[in-house]
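Both complexes below contain chain A, partnered by chain B and then by chain C.
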Partner chain A sequence: MAFAPFLIPLTALLLSLALFGVFVSLAGADALAVYHSIYRGAFGTWFSWQNTLVSAAPLMLTALCTALPARLGLIVIGGEGAMVLGGLAAALTGLVLIDANAWLALTGMALAAMLAGGLLIGLVGWLRHSRNVNETISSLLFNYISIAILSFLVIGMLRDPETLNKPSTHHIGETHMLGALGETSIHWGFAYGVIACVILWLLYKRTTFGFAVDMIGGNVRAARLSGLSVGRNIFLVCLMGGAAAGLAGMVEVAAVHGRANTSLNAGYGYEGILIAFAARHHPLAIIPMAILFGGIRAASGLMQRDHDLPDATGLVLQGMIFILLLASEAVFARLALNKGFKA
Partner chain B sequence: MNGEESQWLTVLIAVLGGAIRVGTPFLFVSLGECLTEKSGRINLGLEGNLIMGAMAGYGVAWITGSAWLGVLAAGATGVVLGFVHALLCQQPRVNDIAVGIALMILGTGLAFFIGKPLIQPTAPHLPALHLGAWSDNPALRAALEINALFIVGVLLAPAMAWFFRSSRWGLAIRTVGESDDAARAMGLNVNLVRMLATMAGGFLAGVGGAFLSLYYPGGWSEGLSSGQGLMAVALVIFARWDPMRCLYASLLFGGAGALGPSLQAVGVTSGYYLFNAAPYVLTLILMIAASSTKVRSGMPGSLAAR
Partner chain C sequence: MKNPKLEMKQDCAIDQSRRGTLKSLAGLGLGTLAGSFGIGNAEAASKVTMGFLYVGPRDDYGYNQAHFEGKSAIAKQSWIKAVDQENVPETIAVQKAMESMINLDGAQVIFPTSFGYFDPHILKIAPKYPEVMFLHCGGLYDAKKHPKNVGSYFGYIDEAVYISGIVAGHTSKTGKLGYIAAIPIPQVLRNINNFTMAARSVNPKITVQVVFTGGWANPVKEAESANSLIDQGVDVLTCHVDSPKVVVETAEKRGVFSCGYHADQSKLAPKGFLTGAEWNWSKIYLDYATMIAKKQKIPNLIRGGFKEGLVKSSPYGKAVSAKAKAHADKVRAQFMKGNFVVYQGPIKDNTGKEVIPKGKGYSQTDIWLESMDWLVEGVVGKTKG
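Up next, the complex of A and B:
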C-alpha cells in the first residue's frame, strides 16, 4: 500500500466532485459547466493561477497549525484564532514601527505575529499537558475569544475613524507592505508558506526533536520512560503550529489588507484543518493540498456568478471532500486489514 | 426606587430570562451530546446538527404552517447526520473528532445552501407560556415568557438521568461506554448501541436548532448559531456526564450569553464584543477548573482510555 498516501486523497477528491456534481444538478445547475467554471477560476489561466496561489499562502500556514500537533496525537483546531491574533499583533507592530525602515518593520511584524499565534496555541498545549484540558475544545474556544478581542479593539480604541463600512486599524503604510514575487501578483506570503512547510518537514524528518515528537505521538509512556520531557515537547510543537498560523495573519495584513479588521476571520483557519487531514499531516503534502483548496477558494466567486449558486457552495464542496476523505481512509484501512498487512 | 438601581434590576431580570431563552438550545444539544458520549463516542458535529435543524425546522414550519412539525423535521435531520457520524466512526482507523469537524463543515454548508430562500419568509413561532402575567413589570413579564420546548427539556433531563440509572437500555449504553469487551461479553452489539445513541443524540441537537429559528432569536439567517453546538461538548465535560448537571450548566451558559445584549439594552455598549465572549471564557475557565491530570469522575471508560 505504498501508494495509499496519494491514492486516498485522489479517490476522495474524485468521489466528492462526482457527488458535488449530483448536488448542483439537483439545485438546477449544469454540473459539467460548474466543473468547467471551477477549473477556469482555479487553474485555467495565469491570472487564475496567481489568485489560487495567493489564496494558498495563508492556507499552508494554517494547515501547519493542525498538522504539527497531530503528530503528537493532538487535534488542534485553533488556526483561526491564532491567525486573527497574529494579524492583530502584526498590525499593531506595523503601526509602532511606521517610521522605521521597511525591512525592520516587516521583520518586527512577522515576529510579533508568530509570537502571538504561538503563545495562544502553546497555551492550548500546556493546558492539555498540565491540566488535561481537551485541546480540540480549548483551541476552538480560543478562536471565538480571539475574534471577540479583534472586534472589540478595531471597533473601539484601535479604529481608524476613516474606515466607515468595515472598522479597521490605521494603515501600516504602503511602503511597508509585503511585495510581490517578481512581476507576478503573487505576494511573498506564498514563499513564506512553502519555506515553512519545507523547514518543518526537515525538522520532523532529520532532527532528534522530530524523532522525539514521533516517539511521544507513538507511545507517551515509552517516551517518558526514555527520559523525554513530554510537556516541553508538546508546548514547543504547539508553539510552532500557532506561530505558523500567526504568520498567516501577518501575511494577510501586510500583503493584502494593510490593516487588521474582521477580514482576518475569513475561514482560512478552518480550511487549514481540512488541508492538514487531506495531507495526512505531512508538511510537504500540505503544499499541493493548499494549492488545490486555494484553487477552489479562488474559483468560488466565478462558480457562484456563472451559475447563480449561493455563497455556501464552496463550503458544501469542502464538507463533501472532508467526509469522503475520512470514508476513503476507512475503506483503504479495511482493504489493508483484509489482506493481512498494515496500511 | 432610583433610576440606577432599577437599571441594574432590569439587567438582572434580562439575564435571568436570557438564561432560559439562550440556555434552551444548550440544554438540548448538551443532553444529546451526553447521551452520545455515555456510549463512548464524542460527536463534535452537533454544531452541524444544530444549524441543519434550525434551517430544516424553519423551512418545514413555513411550508406546513406548523411549528411542531418543524421541530420534528429538525430532529429528523439530526438523526440522519448522527447516522452518518456513527457509520463513519465504526470503521477502522477513523477518528471521531475528525468526523465531527467534517460533519460540522458539511452541515453548515448544506444548511446555508438549502436555506438561502428561507431568509425572507416568516414561519410560525413555537408557543410560549406567559408565566409572568401576574406581574405588571414589563421586563419581568418578558423574562417569564417560557417556551414550551424549554419545559420539555427540563422534564427530559431527569427522565434521561432515570433512563441511565434504572433502565435496561440505559445500562446497555453505560456498559458500551465503559468497556467494549465487557459489552461484548454481555452479548451487546457495541456498534449498534453507539449508533442508536448517536442518532438519538443527533435528534436532540436538531431540536435545539429548531428552537433557535422558531423561537429565539427566531427567523433563519446564517449568523443564527454562534458555536452553541461545540460549546455543548465542553458543557458536558463540565457537567460530568450527568443529565441533571447539564440542565444547571445550560442555564449558567444561557445567563452568560445573555449578559452582552442585556447590558446593551440599558446603554452599556462599550464592551459589547467582550461581553459576547463571556460564555467562551466561562467554558474555558470551567474546563480548566473541572479538569485535572486524573481521570474525571463520571467519565465513560472508553473516553478515558485514550
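Up next, the complex of A and C:
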C-alpha cells in the first residue's frame, strides 16, 4: 500500500471533477468542453503554467500560517491579517530604506513583514496559552483589525497624495521591486513559497523542535511531563506561521504593487486555510495543493469566457475538491480498519 | 464659457495582425479529444475581439453591471466577439486575466474597467503587447508618461448627479438629503458637491448628510448608514458605492425616496425611486469596435458628459413632480449644449472658507476639479477623520 497516500487524494480529485462535470452540465454547459478549458487555462501551455504558479505563490505562504499551528492542534485562520500587516510593514520599511541599495531594502522589507505577521499570530498563540482565548476566534478578529489598520493608514497619514482615487502609500521605487524568475513572468514569491515549505518540512521532520511540536500536538500533558516548554513552543510556531503569511504580504508589495493599499486584502489568506486543510497540514503537500488551487484560479477566467459560467464556478470546484479530499481521509481510515491495515 | 468638449488625441493605432498567436494556440489541447471540443478560434479570426474585466459581479445593479450592459449591447453585433470576466481583483490576477484574454482568446482590445487596474497592472502588461490596445475606464491617460497602446475613457457622470440633485431638491419635504459614499476621493466628493449644489439651487435651506463607509462594496455598513440617516429625518437617499442596491432597497423599505447611481435601479424601488445617474457605455464600446473594424486610429483619451452621450439619467419615477421634471430637463438641455457651469463662484466649502471666488468659474473639463478635497456648503460631513 505504498501508493495509498497518493492514490486516495487522486481518487478524491477525480471524483470531484466528475461531480463538477454534473454541476456544469446542470448549469447548461458542455462538461467535456469545460474540462478542456480548465486544462487550457491552468496547465495547457507554458503561459498557463506561469499563470498557475503565480497564483499559487502567495497561497503556499498563507497556507503555512494555518498548517504550522495545526500540528499543535491549533486552528489559526489569521493568514489574511498577517499578510495585510506584513505588506504594510514591508511598504513602510521600503520607504524608510528608499535610498539604500536594493538588496538591503528587500531584505529589510522581508524581515519587517515577517516580524509584523509573526507577532500578530504570535499574539494569537500567546493569548491561547496564557489567557485561554480561543485561537480561531481571536485570529479571525485580528484579520478585521489588521484590515482596518491598513485602510486607516493608507487613506490617512501614509497616503501618497498622487494616488487620488486609489489611496495607497508612496511607491517603494522601481529599482527596489522584486523581479521575475529568469525569463518567466513568475515572480520570486513562488520560490519563497517553495523554499519556506521545504525548510519548515525539514524543521518538523528532522529536528527535536519538530518532535516537540508533534508531541505537544499529540498530548499537552505528556509534553509538559517530559519538561517541554509548551507556551514557548506555541508562541514560536505561531510566530513562524505568521511570518510566512507576512512574507506573502511583502511579496505582494515588492513584486506586484510597489505600494501598500487595500488590494493586499484580496483573500489569499482565506484561501490559504483551505489549502492547509486540503494538504492535511503537511508542509510539502502544500506545494502541489497550492498549485492545484492556483490552477483553478487561473482557469476560472477561461471558464467564464468560454462558457458564460459565473465566476463562482471556480469556487464550486474548489469546494468540491476540498470536501471530497477531507471526506476521503475519513472513509479510507474506516476501510483500513475494517481490512486490518496498519495505517 | 468653454464648452466641455470631447477630447481626442489621435496618436496611436492598433495593429490588426494578432493572428499568429491564435494559430499557435489553436493546436493545443488534449490530443484526440480536442476535436470534440467546440471552442472555435477560427470564427474569432474574422471578428473584432474585445475583452472586458470587472472588479465585481456582472449583476451588481451598479458599476460593474453598467459595464456588463455596455458589453452585452455590443456583443449582439455579428462582427464582434466580446468576452468578459467578473470578480477580478486588483492584484496580479488582473494582469494574468488580461494576458490570458490576449493569448488564449486573441483579444485585440482590452477594457479593464476598474480604476485600480491602471497602475501598476495595465502599465506593466501593455508594453509587452504593443499591438493590443488597453483602454482603461478612469481617464488617467497621460501622453507624456504612458505607453501608446494605452488609452482611457471616462464620463462626467457628475452632470447626471446634478440632475438627480435637482429632482431630490424638489421632492424632499424635510430638507434633509442623505449621501452614502465609499471613500473621500475627488471623484466621490465632486458627485456629493454637485448633488448638494443642485438641491440647494431648488431650496437653499437643504442640507446633505454624508456617510463614508470606507469601502466600495460594504453592504452591511451601507444598510446601517441608510437606516441611521432615515432615522435622522433624511427623506431622499443617494449613494456612490459600487452597488447602490442595498441603499435603494433600504430606502424603499423605509418609505423614503432614492436616487440611483451607475445603472438603473428603478426596479428595486418602484415607489420611491426618483431618477439616477447612469453610465452609457454601450455607445463608446460600439464606437471603439467600429474604429477597430475600420482600422482607424484609436484616440488615447475620450471624456464627455451628456453632450457626448457617455452618461444618462434613469427614467423619472412615479413620485417626481411635473415641476421637478421641467427644471431637470431644462438644466439637462443646457448640459447638452455645453453651456452649464456647475463650479461658478462664489462657492464656499462647508467650513465657511471661500474656495472659488466670485467671477471665477471652472468648466467641466478643468483639471483643477479632479483634485477636489473639499465639501461644499450645505454638506454635513468631513473629508478627513
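The rule is simple: the second predicted complex is superposed on the first by the 334 of 343 C-alpha atoms of A that agree within 3 Å, B and C clash if a C-alpha of one lies under 4 Å from a C-alpha of the other, contacts with A are read in each partner's own complex, and residues count from 1 in each chain.
The definition used in the following text is that a contact is a pair of C-beta atoms (placed from the backbone, for glycine too) under 8 Å apart; a residue touches a chain by one contact, two chains touch by 3 or more.
Here the structure is a predicted model, which is why all the values come from computation and not from measurement.
In the overlay built on the shared chain, the residue A:I77 is in contact with chain B alone; chain C does not reach it.
After overlaying the two complexes on the shared chain, residue contacts for A:R40 are found with chain C alone; chain B is out of touch. In the overlay built on the shared chain, the residue A:L164 is in contact with chain C alone; chain B does not reach it. In the superposition on chain A, no contact is made by A:F6 with either chain B or chain C.
Contact with neither chain B nor chain C is seen for A:F211 once the two complexes are overlaid on the shared chain. In the superposed pair of complexes, A:R131 makes contact with chain B only, with no contact to chain C.
Applying the stated contact rule after C-alpha superposition, one finds that A:S151 touches each of chain B and chain C. Once the two complexes are laid over each other on the shared chain, residue contacts for A:H257 go to chain C alone; chain B is not touched. Annotation: chain A residues 151, 155-156, 310-311 touch chain B in one complex and chain C in the other.
Those residues of chain C whose C-beta lies close enough to touch chain A in the complex are 25, 28-30, 33-34, 36-39, 51, 57-58, 83-93, 96-97, 99-101, 103-105, 115-116, 119-120, 138, 183-187, 214-215, 370-371, 384-385. Those residues of chain A whose C-beta lies close enough to touch chain B in the complex are 27, 75, 77, 127, 130-134, 136-138, 140-142, 144-145, 148-149, 151-152, 155-156, 270, 273-274, 277, 309-320, 322-323, 325-327, 329-331, 333-334, 337, 343.
Those residues of chain B that touch chain A in the shared complex are 44, 84, 88, 91-95, 97-99, 101-103, 105-113, 116, 222, 226-227, 230-231, 233-234, 237, 270-274, 276-277, 280-281, 283-284, 287-288, 291-294. Interface of chain A with chain C (complex): residues 30, 32-33, 36-37, 39-41, 44-45, 47-48, 51, 54-55, 151, 155-156, 164-167, 185, 187, 252, 255-258, 261-263, 266-267, 297-298, 301-302, 304-306, 310-311.
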